[in-house]
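Structures are listed in the sections that come next.
Each of the two complexes below includes subunit A, the first together with subunit B, the second together with subunit C.
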Partner chain A sequence: MTERAVVKSLETRKTVWQVLSADAYIKWFLIVPLLAVLSAFMFYPLFYCLYMSFHEYVLRAPPLYIGVENYRTVLHDAVFWQAVGRTFYVLVVCIAVELSLGMGIALLFNREFRGQNTIRGVCLLPLLISPLAMSLMWNYMLHVQFGIVNQVLVWLRLGAVEWISNPKIAIYSIMFISIWQWTPFSIFVLLAGLRGLPKDALEAARVDGASRWFTFRRLTLRMLMPLIIIIVLLRTMWLIRIFDPLYGTTRGGVGTEMLDWFIYRIAFVFFDVGKGSALAIFSLYVTIVLCAILYRQLIKALGTAR
Partner chain B sequence: MGKISIKRLEWALVVIALVVLVGGQALGAEKKFSLADVPEIKNKRPIHVTLEAGGSADLIIPYLQKFAEHTGVKVTSESMVFASLYSKVIVELIAKTGAYDIVVTETSWSNEWEDYLYPMQDLAKEYDPEGVEGLERYLAGHDPGLLRMCSTVDGKLMGIPYYTYTLIYIYREDVFNHPAEKANFRKRYGYELAPAQTWEQLRDQGEFLTRKKGEKLKGEVLEKNVYGLSMMAGRYPHVQDEVGARVWSRGGHWASPVRDEAGKLIGFKVTEKDKRILQWAFEDYVRNLAFAPPGTLSGYWDFATAQFAAGNAIIIPHIYNSLWNWASSVEDEIPGAKAASALVPGNRPYTGAFHFSPSRDSKNPEAAYWLLKYIGSYQNQKEMAEGGWVSVRRDVLEESQYTDPKWHRQFGWARASLDTWDEQLEDVDDYLHFNSAAFGKLYEMMTIICHENAIQQRTPKESVEEWVKVFTDLQTKHGKLPVL
Partner chain C sequence: MRRVMFWIAVVIVLCAFILPIAWVYVTSLKSPEDIFRPEKLAFLPTLYNYKYIVTVRPSLLEFRNALIITLASTALVMGVSLPAAYSFARFNTGGGHLLFITISTRMFPPVVAAIPFFFLFRDWGLLDTHLGLILLYIYFNMSFATFLLYGFFREIPEELEHAAMVDGYGRLSIFRKVIFPLIKPGAAITTVFCLVWAWNEFLFAFLFTRRVARTVAVGLAVFWGSIEIQWGPMAALMGLAILPTLAAAWFMQRFIIRGLTFGAVKG
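Right after this comes the complex of A and B.
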């Protein structure tokens, strides 16, 4: 090899770091650890769950391949459809109430007043409490005889209410517990949105004589739409999996069994792993479809809000 | 001289008689096993024990420490609530993690967990110098019915019972004995007000004792509503026990055992008779709910007991004897109140017990065996019972001293429980609970069906149909014996 060739060779030979940090490779270099973690903790359980959903497996014997039998059983199960129906009912009511209350309170908070920091801090508290502890706390507070809520109602001569034990009321008590905990989430997301709104647009509307209602409807609400969709998106994901408010109160009784409790019961009480997996995959599928729809709305809203 | 000799002879006879009497008693009395009898344990690996949290289960912890001090084997424990006990333990057992050396087993899980537990007889052969015969002698003070419940269909004892929760009937004796109440009851129903022996009588009592604020009880105007019956209709296992007490009392079964000519169990069948009795039980249960306090539809044992203890209810018709201590605190809460116990109407309620069972994955089955014997021993159970523990040993509960009124708050439940065990003994072998290897799962489904019947989500007839359907499905999937 000539001296010139050796120099050229040395110039072209790159260190490992130079190779990895090259534009073509750096993205892979950075993403591989994440992919590894996701593979181990997300994709593997997900595909294993999918695999199990095509098997009969009740722990006593090795899994037995049964095709789509678990899905067929699930789709013909009236209890399952009742649970799905209740879940969606709770989902719609909770999100509607949380958004309405959240928006109202965020608008009130979006002004200067004495003690504002303390009041905002107190409003944040429900979010900081463990959901399970909170469901137990409400179970005691809503107790028909010894609970503080009924004690107050009786004192006001309004009579005691069977909040948790009346089949017609219990589902609303579950909704109330969830709304009580999660409304602050809507409040603070929307408050952050309100604080970030461009003042010039609102000022221009005011100068042009637009009413407060018109300004709110046509400007504020539209500009907040991406945040509202994010709240709906996240709450949809969380409410499909609603579990804790049931655990501390009715345990799925009194006509309150919802999808996630049903899955828990099949998978972790009956240890019917195959059917439980099929249910989990169904729940995931529904969540993905709903979230995909909402995500598309979010992208659209972002485009409009710009 | 002659007189002296006769006197000496008399004394000699008295002394001989005393020696024979005392010596004979000493020879005849069986020596009770105690901690001092636990031999040197060669395997010193620590053992880990599950405990059921709540109630008086914490009382057991000091005894685990005593065992550790005596044997040099470290004992650690983990408490979990009953609702999560089954799910947590079964996963560890099936996965063979060896997480627990001793597990708490409910009597109805004995068959289901058979493959994961050591039969006591096997451990006795291996580690007990007195062998299986020694174990049998030790078990003589236990109740044979409870021991059957802790055993498999084949008679393998899967642990030693240490705590019972037999259903008993607890009532306000002061109300039952009040002259005006007695007279009014007799006038209205034509018989005496006394602990109900039939379900019809219970319904009468529920109706009679349910009073509104402003009405009178024991001649005094009530400042709040009072209810005849306190029940546990929430979606917890207890509602199943309440309905089951009715089913068994009428000679019905959740599913009848089917045996071959040799008497061997070969499967189960929900017979037409079972269906009829089940439907009646569901109907009767709903009828009684009319006399229970608001909140009953989501309540379980704590609710039912609290109602009684606070004076809101006069009878808890089927409540676990382990709750006697709490229920009898009504005597502290309500002036003049007196609690008493009797058998549940029909005399066939659930007779449950927890037994400690040695896990097959234990690293130290030797220590596990001796700890079980120690916890279930006479001396230990006696000490614990005097401190408020619900002992499973007949020889402790039958001691005459505990009938003395001074032991009322600790042992007021004992006679009713012993009588229930006696009544049940001949039937235990036929109950689905103690024969199906799918019972952990069946229990959950029974709970749901009984609760949904109570909230009238299904009619009693539909509840029976649902039970037959899910029983067939679960027993086929999880059980070892077929549905015939």
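Right after this comes the complex of A and C.
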């Protein structure tokens, strides 16, 4: 190709791309597929549920408009409020334990030691393994008769515990499974944060004679606040949707029914689409309010951490 | 002394994470009688359970299904999320609101999104097909993939692009020669996350597949019959099903410290 031909080809290329590559166009052009998927997969179910939540629809007869009746039944349902309360209880306990454990282990790993990459990699495992598979496995390990956990307790002469079948304990077993699986998430986010902390500020505090606890509380924790809020935000989103650990262990029985399981039962076991939709809208509303609050906290924390 | 304490703590942490996973493989090698005798620590390993899931209740098809669905959905998610995340990071498209809406797709209860799609898919004949599940997994993974990639794109300094533009590169060649090499580790992590999540996803697979397109996750639940739970074959299938994710973990530990910083935090 001669030099002129190259120039010419570049010129024709330019005319084609000139329009598309102008910032104003390309930014929307790149985002079109995402918007298409969003509208299909988010707005369709949203409007469907909004519509159905005002109708009585139990599959056999066509949808019948009944106003806010679905919402009224749901809000007067004691079982529903129990499920909501339980979900929040699980949310608070799980996130608190995961954060404290995660911070402890992250501080433990925040140094150079032999085999550090392998050891940290191993801690990643629970995060990647199928939640359903591990819940089923924990169900087996916590089994009252032939679970290894109870066997160890028997050997230690502590007596067997009904981990899954006792209504008082089952909820904590589910929390434990979730905590076991998701603590690595906190560990890794916090570890990454710890390693990115400015060394000079911590050094200055040490020179000034600040105690380690003081330094941790006033410097480290404050600088890590955005990451902590991100963990809380994401874990809130995921924990409200908790389903697999329930399916793998109690299946909503023995006093462990949570919000999403309740919706699943109404919508897919009783096929009460109208009531299920009303529940969905409620659940979505609660999640968005919670996340919006956390999101605002995050923006605030980002402002002070800088 | 401090060193000893440190290593004791490390060993406790490692045991807490490894032992339950190891127990999957231990259980899978037990004979049907030994499954119910936890007091017997020394047992004769047998491949009975693995033979069971190959011959008595074939599960290999479930692996093929899961593989097809996982690979296809991940490829499509990346195709959608990469340009979108770039657009969010570089041009702040939609002024932050659009990104928040994208992330909020994950706030919608999947159980509920499943209701309208169940009827839609039934009418379109997409129930129990690979395509149906692939479409659902795009929805399932897209928001978080976009969010992760957004963070990675934010870490690439804009000046690099300006410099390349001054040098006369077009948008396409900038993307190919400047941005892509820099985003590669981030894109790799995101891809692995999408693969793992699609592989592990249970709820949609459980509601939308019956026999033809059943994935491994659903296959596991099937061992929980109405009469008894077949722990042995279940553990064997579990052991095989988590192998790919173990490989993913091995791949990721090199990147992960860098990767999970959620570049978005740096603002």
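Quick note on the criterion: the second predicted complex is superposed on the first by the 279 of 306 C-alpha atoms of A that agree within 3 Å, B and C clash if a C-alpha of one lies under 4 Å from a C-alpha of the other, contacts with A are read in each partner's own complex, and residues count from 1 in each chain.
Note that contacts are C-beta pairs under 8 Å (C-beta built on N, C-alpha and C of every residue); 3 or more make two chains touch, one makes a residue touch a chain.
Quantities reported herein were computed from a predicted structural model and do not represent experimental measurements.
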* Which one hits more subunit A residues, subunit B or subunit C? -> C
* Asked: Does the superposition put A:V58 against subunit B (first), subunit C (second), both, or neither?
  -> first
* To do: With the two complexes superposed on chain A, say which partner A:F268 touches: subunit B (first), subunit C (second), both, or neither.
  => both
* Where does A:M225 make contact in the superposed view: on subunit B (first), on subunit C (second), on both, or on neither? -> neither
* So, does A:F146 touch the first partner subunit B, the second partner subunit C, both, or neither? -> both
* Asked: So, does A:E162 touch the first partner subunit B, the second partner subunit C, both, or neither?
  -> first
* To do: For A:A170, decide between first (touching subunit B), second (touching subunit C), both and neither.
  => first
* Asked: Touching A:T249, do we find subunit B (first), subunit C (second), both, or neither?
  -> first
* Report, in rising order, the residues of subunit A that make contact with subunit B in one complex and with subunit C in the other. => 145-146, 268
* For the subunit A and subunit B complex, residues of the former touching the latter -> 56, 58-60, 143-146, 160, 162, 164-167, 170, 249-255, 265, 268-272
* Structure fact -> Touching subunit A in the complex, subunit B uses residues 83, 86-87, 90-91, 94, 234-236, 293-299, 306-307, 310, 312, 441, 444, 448, 451, 455-457, 474, 477-478
* Asked: Which of the residues in subunit C end up touching subunit A in this complex?
  -> 6, 9-10, 13-14, 16-18, 20-21, 23-24, 27, 35-39, 79-81, 83-84, 86-88, 90-91, 93-94, 98, 100-102, 104-117, 120, 135, 138-139, 142, 146, 170-172, 196, 199-200, 202-203, 206-207, 216-217, 220-221, 224, 229, 231, 234-235, 238, 241-242, 245-246, 248-250, 252-254, 256-258, 260-262, 265, 267
* For the subunit A and subunit C complex, residues of the former touching the latter -> 13-14, 17, 20-21, 23, 26-28, 30-31, 33-34, 37-38, 41-42, 44-46, 48-49, 52, 105, 108, 113, 117-126, 128-134, 136-138, 140-141, 145-148, 150-151, 154, 180, 184, 188-189, 191-193, 195-196, 226-227, 230, 237, 240-241, 243-244, 247, 259-260, 263-264, 267-268, 273, 276-277, 279-280, 283-284, 287-288, 291, 295, 302, 306
